[in-house]
Amino acid sequence: MQKINREVLINKANELLSNGTINRVFGWEKGDFSYDVTPTIYFTADQMNKKFIFDDFCGANFSKYLVAETKKDQNKVGVFLKPCDTYSFNQLLTEHRFDKEKVYAIGVPCDGMVDEKKIKAFFGEGISSITSEGDEIIVDTLYDGVKKVKKADVLQERCQNCKSKKHVYYDELIGEDGEVLDSNRFDEVEKLEKMTADERFAFWQNELSKCIRCNACRDVCPACTCEKCVFNNPNSGVENKSPANEFEEKMFHIIRAFHVAGRCTDCGECSRVCPQGIPLHLLNRKFIKDINSFYGNYQAGEQEGSRAPLTNYTKEDLEPSEAVNKGDN
Amino acid sequence: MQRIGVFVCWCGSNIAGTVDVKAVAEALKNEPGVVHSANYQYMCSQAGQELIKDAIKEHKLTGIVVCSCSPRMHEGTFRKTAEAAGLNPYMVEIANIREQCSWIHKDIAEGTEKAIVLGRTAIAKVNLNAPLMAGESPVTKRALVIGGGIAGIQTALDIADAGFEVDIVETKPTIGGKMAQLDKTFPTLDCAACILTPKMVDVAQHEKIKIYSYSEVVDVRGFVGNFEVTIKKRARFVKEDICTGCGLCTEKCPQKKVPNEFNLGMDNRRAIYIPFAQAVPKVATIDPNYCTMLKTGKCGVCAKVCTANAIDYTQKDEFIDQKYGAIVAATGFNPISMEKFDEFAYSQSKDVITSLEFERLMNAAGPTAGKLVRPSDGKHPQKIVFVQCVGSRCAACAEKGKEYCSKICCMYTAKHAMLTRDKYPDTDVTVFYIDVRTPGKNFDEFYRRAAEEYGVHYIKGMVGKISPEGDKLMVRASDLLANKQINMEADLVVLAAAIEPDKSARPLATMLTASMDTNDFFTEAHPKLRPVESPTAGVFLSGCCQGPKDIPETVSQAGAAAAKVIGLLAKDKLKGNPCVAHSDEMMCNGCSSCEKVCPYGAITYEDKEFRGPNRTTLIRRIAKVNEAICQGCGCCTVACPSGAMDLKGFASKQIMAEVDAICK
Amino acid sequence: MQVNEFKPKIVAFCCNWCSYAGADLAGSNRLAYPAEVKVIRVPCSCRVNPMFILRAFQRGADGVIICGCHPGDCHYTSGNYYTRRRMALLFSMLDYLGIEKGRTRVEWVSAAEGAKFAQTMNDFVQTVTALGENKRLEDLRCKK
Amino acid sequence: MRKCLLQNQNKLFDQISSFASLYIPVETTGGNASFKKYEQGMVMSDVLKTDRSPKDLFFPQTENLMEFKTSGKNIEVIDNRKESEDFVVFGVRGCDVKSFEVLDRVFLVEPVDTYYATRREHGIIVSMACGRPAETCFCQTFGIDASAPEGDIVCYKTEDALYLDAKTEKGKNLLSKLADVTEESDGKEALKQKEQIKTVLAKLPLANLKADSFGKDKTKEFFDAPEWQILSKSCLGCGTCTFVCPTCQCYDIKDFKTKDGVQRFRCWDSCMYSEFTKMSAGQPRLTQLERFRQRFMHKLVYYPTNNDGLFSCVGCGRCISKCPISMNIVKVMKALGGIDNE
């Protein structure tokens, strides 16, 4: 397969901008270092030539930005979507969060995004540059010279367990489309399920106690597009600005996961952005795993307009008592 | 801040026996918002109610808590009391300290403590109560019945007899439905036409009933009491008000080769036709698929012979908008297609027919004038095999059949067998069955007569295969009781095809936002207690659109549906339940989660313009609850992730306050 | 034993049409169950938001039980089917977080099942009593 | 200057924790660390930056201010403060030490924030020179020398020892109590390391970032700059930058209904939040652009205007590595300062 580089994407965007299909396009912007890519919006090919980047650190998913952006005017917005981004895109369409007629979606391939935190965990701080060469990542460090690492070892967790390389929505696809993959994404959940309740409690107590309630997980989440979150709403009765204690940490994360249950596409953004490194995706994946095993496989976002499991039922659904005992032997 | 009055009832010794009512009243005095606390022997008595009324006035109470028996008992009573004293009835909360406290606890200390908690909980809730006003909406005093079979006819007649206008919409050129095609009816063997056609005439002549035949419902808007319906009246190319139904055109039309659907294609009719002699309205209809004039512009025979000048080749479909207070679905049923049942050779042999076709063969007005002959060669069949449950009770063959029992087949098959033996005693009749189900008045007697007096052979077992061999049919079946395989020759095989809801039901249900089960039968509001109402307020169910039924059952259900409609139309205004869902449009995302879980279709969406920051405007999709339709279950409130949806009278904050008060 | 001294706090959400009536019937028939159980009346079990359940634990409840009409008998036709899904997922999640699974329960109690209501409550109180105080979802501020 | 051999490091910690609470950076997961209360056997992490700054120890994320208790219709006010015990924070980086000056200028001016003041009074800061500054470091921009941090005691860590240099009375007092586990030293090793650090600092990618164009009284210059539009474009409005920032000091005061009363507490707030400083008429900054601008203008212009030109950014670089969308003060400075626009 031909490697899709930034020039191909810039050319495509330029073509769409100049023929009037779109008047602006969401794209990634290179930063001061090799890894601090920022999502931004471009109005001209010139801007793109200067700042656009498409590399191993373009993890940011633009789908959620479309909710606000498409409401601004009548022009079409262009957007680059990686396979997993298209699931979020579809889910937002299902929930009527924006009008797809106002978006021109350009599907771009993805062979996994690199987690700079993992690189730093390997080599420590002080990274001068990161480049990729085949399946290797070459890291130039401030103190220890040039190091190499297998890309597979420093991929983001969500990419190591990639569920699909297939675009479920696009107006135009660049490169060839991939397949839905068999992933091991539930392994970690299963590992936790196999622990005793006490061990699980200790695990989550430790993880969730790190939470600083910065709301990054929620604010980046493409399923969290509420006009006003219940946790921000003084009238909801559950509003709080910071976790005053262990209960509030749990409350926030349980309710957040519940609110996106059946709607979460497992894009993994929550865990990627958590400044405290809490494996939040393990909460969402538990719901996904349960939904799959209780009500049949369901992938949110796979099909526009599909009915989420929590807004559906069958007369033969299992009882809550059976649900909690399912993991027991 | 509320000014709350607490009234603790003794209920004689029922409460006071295990709860120290005075201590409860004393303790609740200190709760936030409470300005008055009293106790009395019987709060629900006249004197007790007066005590409450006086306290409301004297202490300017804004809310009251009555600690008494279950709200299911006296909530209504105390709401009226409050209302009489000028307080909004929904500012009343009941603490159930009898059924859920004094009656189950023996220890006074324990009972008293719990009663205080329950009182505190009710106070916490009433602190957050807001006056609620039940919305009112006018009722359009006209009903729409969709479907003109026996179900629709009976419903329409009953409603019209009560003095309300009724419109019947029927897709066929005539009303009458399936019953008009039947020969005799079980278990009395009276002729279907003899009992149906007078009713059809009654409908035609009733001043309160209007029939839209050859028409269909294409759009339904509005809600209970206020439906707006668009009816499409298809062009029949004959002026309905002028045609006398003389039938001359139907004799002169040169296009003779049109399969006659009334006789299930077993004979032909003309391109202009009247379905049957007693059709209502008795008006000719031109079939545009076959009329040469309409297709090529050359012919015009019917126009020439029509002395009334009723033919109009330029007629167009007409759309009529009408308002209704209630809608009755009576869309009926059809036998399922036999195409997929290859094992029964329905498509291969003309002599394998369905029971409905058999009805026409036996009918004096049918294609053979009532003479039972084989469709293939016109010969009299010597040996007839009836196969029951074809496509019914068929869990394994869901792709072609139905899981449910079609309910009527056992009885009509017994009828067919009996009639055959009665008319043609030389004919050998065998019925293959899984079970014979006869739960109806005089049903079992009827079946036993067929088996015992008329010598019909009943064999318990399924037919595996039917294959044409020469001019005979070979029936391979199993006899479960004798535990052996049977090979049997037959001249005619009659399949008791399962029945399914008419195909028009599904799109209609969508228009009505009425729910359906997986088989496309309409769902009842409650399977036991509200069997003729759909969960959608103002939509009622009559006949087989709700489930398989025989004629007596259909008629009684039709009457029940009519009674419900009359009850609704008799009201000038509908008072809603004020405890309904409400969406805060500032918080709503328009995500449709609430709409999906609403059992009543009470939620719709609209694009609304909002003022954005810095003098911008933006359009957002938001949910709207129709308070006349919402029944107040609250399912939407949990489906809503943003908490925009709340339930009046059971608001999230109120419930959380109750939780807090209990757990304190 | 100290365990016997412990009296758990139990919040029972009951739907207005079946379970609340079932609780009333238990009362009418004088079928005793512990006073620790306090009922909150909701129109339908589907009105119960997971937030209410967590709220109850936060505020000091040791067990939360939700009672509704039997599946198929919901006054609103489908409410309890949604309850069933929501609670199956929520309870499984609480278990996943290491919260004792005995503390939450869903039970279908019809208006005719006064005896079942009393028996269910007796059984639930016993289960929760054996588990002891709710420590894993408590908020100490609410005990002050 | 006193020297403590690394093999005695834990003896040193044990000694300190015998008379005061001790907080040291402890490694959590791969390359991350946070300040934890020392317990015997804990290992001090060499990770450059803790996830959260030591600000937490003086200005915790949530802090109870007082309680109200109701009984019947009476209310009782209870003062429940208990922040008056001595504590030592060990291993604070130069940037983070500087952050206390920024916070002091807010909390210690009239009206004095007595909760913060008491903690400052009772807290002793042992700073740590940065052996290996990272690419995200830009403390030099704000005149901070990572090779010579401030603090009550300054510490240099070499391959085999800690060198401790008391700078204040508090620091001297503490060091005097640690005579058993330390020895006197000429500090040559420390000086050597200091020089080494200086050479590294000069080579850092952000070494030449200048804040000169910002500062006092520059409001008009930057407030309506068109760059804000595109810079704030992708801001999610989360509070990550503010919560990991050592100098952000905004908080909200809230009441929590307890069993029989109310607990009044304060908790960090973020100017990035749509609910920040919400009043009856709504929040004054309606769009994320305005909220985004507020944060950076405050760091670079408003605060210096009110505080003799002192910036309220110390260049720790936490926001650079933690922002979900990698927008940060460096990008803002470059864009507004013209560096990025050539």
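Going by the order they are written in, the chains are A, B, C and D; count residues from 1 in each one.
In the analysis below, contacts are C-beta pairs under 8 Å (C-beta built on N, C-alpha and C of every residue); 3 or more make two chains touch, one makes a residue touch a chain.
In this text, all values refer to a predicted model and were calculated from it rather than measured experimentally.
Enquirer: State the pair with the higher C-beta contact count; candidates are B-D and A-B.
Expert: Between the chain pairs B-D and A-B, A-B carries more contacts.
Enquirer: Quick one: point me to the chain whose Cα centre is farthest from that of subunit B.
Expert: Max centre-to-centre separation from subunit B belongs to D.
Enquirer: Whole-Å distance, subunit B centre to subunit D centre, using C-alpha means?
Expert: 68
Enquirer: At what distance in angstrom does the C-alpha mean of subunit B lie from that of subunit A?
Expert: Once rounded, the distance between the two centres reads 46 Å.
Enquirer: Report the inter-chain centroid distance for subunit A and subunit D in whole angstrom, where each centroid is the mean of the CA atoms.
Expert: 30
Enquirer: So what's the Cα centroid distance for subunit B and subunit C, whole Å?
Expert: One centre to the other, that is 35 Å.
Enquirer: Where in subunit A do residues touch at least two different other chains?
Expert: Each of 230, 237, 244, 310-312 in subunit A touches at least two other chains.
Enquirer: Among the residues of subunit D, which ones contact at least 2 other chains?
Expert: In subunit D, residues 256, 259-260 touch at least two other chains, as defined above.
Enquirer: Would you mind listing the residues of subunit C that make contact with two or more other chains?
Expert: 50-51, 55, 60, 72, 78, 82, 86, 141-142
Enquirer: For a test of understanding, state which residues of subunit C touch subunit B in their complex under the given definition.
Expert: Touching subunit B from subunit C are residues 9, 11, 16, 20-21, 23-28, 30-33, 35, 38-44, 46-52, 55-56, 59-61, 72, 75-79, 82, 86, 118, 142.
Enquirer: For a test of understanding, state which residues of subunit B touch subunit C in their complex under the given definition.
Expert: 70-72, 96, 98-101, 103-106, 110-111, 113-114, 117-118, 121, 515, 523, 525-527, 535, 579, 597, 599, 631-635, 637-639, 647, 650, 652, 655-656, 658-660, 662-664
Enquirer: Mind listing the subunit A positions that touch subunit B in their complex?
Expert: 71, 95-97, 225-230, 233, 235-237, 259-260, 307-308, 310-312
Enquirer: Flag every residue of subunit D that touches subunit A in the complex, lowest number first.
Expert: Those in contact with subunit A are residues 28-32, 34, 47-49, 51-52, 61-62, 132-136, 200, 203-206, 230, 233-234, 236-240, 242-244, 252, 254, 256, 265, 267-270, 273-275, 320, 322, 324-328, 330-331, 334.
Enquirer: How about subunit D: which of its residues touch subunit C in the complex?
Expert: Contact set of subunit D toward subunit C: 67, 256, 258-261, 263.
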